[in-house]
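Take a look at the structures listed below.
Shared between the two complexes below is chain A, which has chain B as its partner in the first and chain C in the second.
On to the complex of A and B.
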């Protein structure tokens, strides 16, 4: 029997209504506004002008793409470095440190309580000429340290430092998800420690690595404070450009166009990764 | 069957302690080449710890494990020519059926064509459909996964195959099929199988010899028939299904007396000295009598309940406080009804005196 029922007769739909309204107002509406603004004439503040593509032309004819490349490059480098740094640490937290793991986890979490900017200024004091590190080196060992602060390397350092927990914890989870009997079974079948890692542990902990990478990549591409504080504005990431457009330049449509472009690039990258590694398949069935 | 063959594996005073607790305590055992040896025990008896030491995943605290007279205590699992099928099976979920089976060969750098050929042979031997080769192992059913796990272990070509209760999570009917298949595979391959289970029934079906473990010790080793018909202790006799156990004390040659039943029973001549004793009679050896003279031992009781067990029927008979189980084949005639007074009895040769421990 086919009966036409109203949309809200379906169970669950009415219950989903409040969250639907909240998401529409709080999440989708601002996004649509940004997309709308990106098609408005430059330096206008209304959404009801004749749509135009001039902002996108400006983005591509201008040298804004350099900022985009800096952002993408730094974010990618951050993810790669974090993966290399965090895997051994996460492995240790799960398999080696035993009951010290809790204490270590706490130590990794505590810095998150302090504002990111304050922590970054702490690093400035640490690295600045005559600061904690160069000063100590000169006084104790007579070693002159080259310039590190206000270089791209310092920006990268800051990003790796700030986003470390966001890679570490998903990764820890990923490694903890590998049943110990898998390792034992592989070893029992003749695999050396390295083969156990390559054939069993690494592939089975990939979900954690993937989630950590996605999370840190998305966070890192939106990073702005590291370049400002540790990079001394020598590097301008795309987020900085967007901020300038919306504030000093008072050119909302250009800022919106940049934001839309950034969203597109990130979404495409994330989709490619999610396609390649079907998280549902890895996580869902065991 | 293989009690006389050369021992492949020998254990000398093997002990494993975790802190003050000895999980495995002073085990001495020889397992013959090609034998199907099963270690049975309740959970916590130390059987898993024992097999993990044999497979190389735990190190004994003391004692020696000898494989063909070579001490292997400190040889890691990956260097031992043995392989284990785990309780959880531990199949690699990110690999296909074929890749799982080929794992050991891949580790040894066998070329892909040879690997696949061997995997397909094993799949056929274990009744796995050929098109499962590229199927994701997580999509296989319980029974299929058992077969994949066994194939993966066989592909390793081990000298000894260990099994850590692999069938415990499988439903009854399939388990019965797989038990028989496993015994067939044992015949086909001629390899030494060492199996662990908490079910003596499962052990009976498959094994050449059975070792019963309790609290870290091996308390009896023998053929399934020996374990079944001549258990040495109350524990072993009770482990194999329903039994009637009567605490008794010696009452001169060939006779024992039960305080609680206020009766004496004739027993076979062999007796146990110096220990508390129990008289064990299996339900199938108890029968209903029409007069006390029909059997050498008899008791009067009340028929309390009956349980149909398929081909057999079991009756609960109460003699005072004591509950007895009597079994008969379905086709044997019996016209008792509940709450009837009945006479039950057995012959001395069908009863066993065991230590009360």
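On to the complex of A and C.
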């Protein structure tokens, strides 16, 4: 008969207690502070005022929905574009480029060690009037480039550029997970190359696509630098709204309410996706 | 198998003595006066420049002290951090002129300086800073609240190749009401200053309580300005966009923002102070003056006052004027020993040729009574 022991009698649990306390203080306490602040009166700086819902009323009564719309729209568009761009590249890295794959992987990875802001300012110099691209087009071909910098399209470009590795590498892993024997078996059984791709490779590499999409979406919805640097603040994403509330507006409670709203929206969307696509199932754990 | 003479008992004994030693070293400072704990450290909350290694390193090494400086780019955030409890963290706060006198002293966030020790430094400054200097004094005129150093006019900046200095000064804030400028100007992302600028463009003084009609006019102007702008960004973005020709001018700016580009040889970028405008006395421009005060920290560092004296030295004042980031005139240029350290190019970068007349045409930065309301309107307009 198995003796029922208390939770802390299990091996390792008491030893894990300090790290559990540390993680609770490090991760959960700040989140609780943000939630707490969201219920404090506007433009106050303590957590001990009488709780109120006024910040949430403000969020739903003013034009915050425009910022949320931009963030959700741009993050979704980034994920779709990256899925389309990265799949062929990832396929090439796994199946086509052979020993050049390592070099290409390095080329995709090296920019990550440079600060995102510096890379984005680099693109500003590339697209700005008289910059690398418009200057070259005018000098060599006499073509005047239309406005691209400081437009929503430039923001989307920046997001696709910045988050590319976060979609590419999970996808590469996903494609690498497809056993060669499966492809060969499908070919032996008479499947065309298209059928092999559609019915064997794509479904079996879905875990990489899913993980890449989730990772990219969650990162992209928190993007702020692209809209500030490349977009010239032509659009204000929700993260910029939060920053304004915490800085110039000095309205920490409103900023906290916006942050809670963003966390809720992202969590709900991610949960919906995870319910629709069970990661454990597609990873073959059950 | 692991075999050691180091028994469990030895381990406990060693651990206990180590813990006792650690506790003793940690508890040490509590044995003496609380102040003694901080005589080798200094924390400064400031605008950029005072946090640069050029300014701080000589002080650090001369005092063998740990000096931490955090730079922020708006006054309300710094004040609110003191209000939110960081009064126990910082020793010096460096903000624009009205805050010490009108907010921080009444709220006891800062404490007065020794007048006998510090007032003689004002005697050596430029004539407008002669003691008792209004923004460095409390309302009663008895207490000295801080030291003046960097200052400058700050209204808007034009590319004089596209809009002449004369046109910009004559047309003033109305320049931004001109429909022909749509898509050709930028806005610096200093939202507190943008509130002042939009008030001036709308035709009324920012530094007073506003009527419902004025608030409505502010909203209409804010929406129009934001709709017509090409780009909103930081100083680097504004200067880059002007140099490349993306924009011809930008709202909110002056010596402080144009000086890095001017120092790089782009003398066609020029801070403009309008000849006339809606500010008190019909003045056209706005000017800022930084006042650095000692925070009313219960365990304040004795190095705070020493740092204030240190930055008065001609060489250090010159370094502050040309520290990294932005370049600015300093009040200490009234001292010939300091002034002679500025090269011709440096004087050109800070528009020394017109500084006196621009300051004379400028009202001094003040607190907007209904700032929160106007800022909320501005921020909502940015999203729409």
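Here is the rule we use: the second predicted complex is superposed on the first by the 276 of 286 C-alpha atoms of A that agree within 3 Å, B and C clash if a C-alpha of one lies under 4 Å from a C-alpha of the other, contacts with A are read in each partner's own complex, and residues count from 1 in each chain.
As a convention for this text, a residue touches a chain if its C-beta (ideal position, glycine included) is under 8 Å from a C-beta of that chain, and two chains touch if they have at least 3 such contacts.
Fair warning: this is a prediction, and the values are worked out from it, not measured in the lab.
Asks: With both structures lined up on chain A, is it a clash or a fit for chain B and chain C?
Replies: On the superposed model, which is not a single observed complex, chain B and chain C fit side by side.
Asks: According to the stated criteria, A:6 is in contact with first (chain B), second (chain C), both, or neither; which is it?
Replies: In the superposed model, A:6 contacts neither chain B nor chain C.
Asks: With the two complexes overlaid on chain A, check the angle at chain A between chain B and chain C, Cα centres, nearest 10°.
Replies: 150
Asks: Go through the superposed model and pick first if A:236 touches only chain B, second if only chain C, both, or neither.
Replies: Touch status of A:236: second partner only.
Asks: For A:130, using the defined touch cut-off, is the partner it touches chain B, chain C, both, or neither? Pick first, second, both or neither.
Replies: second
Asks: Tell me which partner touches more residues of chain A in the superposed arrangement, chain B or chain C.
Replies: Answer, by number of touched residues of chain A: C.
Asks: Would you sort A:190 into first (chain B), second (chain C), both or neither based on which partner it touches?
Replies: In the superposition, A:190 contacts chain B only.
Asks: Answer with first, second, both or neither: which of chain B and chain C does A:149 touch in the superposed model?
Replies: The answer is second: A:149 touches chain C but not chain B.
Asks: Taking the superposition as given, does A:249 touch the first partner, chain B, the second, chain C, both, or neither?
Replies: After superposition on chain A, A:249 lies in contact with chain C alone.
Asks: Can you give the closest approach of chain B to chain C, taken over C-alpha atoms and in whole Å, for the superposition?
Replies: 40
Asks: Once the two structures are fitted together, what part of chain A is touched by chain B and by chain C alike?
Replies: On chain A, no residue contacts both chain B in one structure and chain C in the other.
Asks: Inside the complex, what are the residues of chain A that reach chain B?
Replies: Counting only chain A, the residues touching chain B are 179, 181-182, 184-192, 195, 199-200, 203-204, 282, 285-286.
Asks: Going by the contact rule at the top, pick out the chain A residues touching chain C in the complex.
Replies: 43, 45-46, 62-64, 66-67, 121, 124-125, 128-131, 149-150, 228-229, 232-234, 236, 241, 244, 247-250
Asks: Quick check on the complex: what are the chain B residues that touch chain A?
Replies: Result: residues 55-57, 76-78, 82-84, 86, 88, 90, 92-94, 103-104, 106-108, 138-139, 152-153, 156 of chain B touch chain A.
Asks: Given the complex with chain A, which residues does chain C contribute to the contact?
Replies: Touching chain A: residues 74, 76-77, 80, 83-85, 186, 189, 191-192, 230-233, 236-237, 240-241, 244-246, 372, 375-376, 379-380, 382-384 of chain C.
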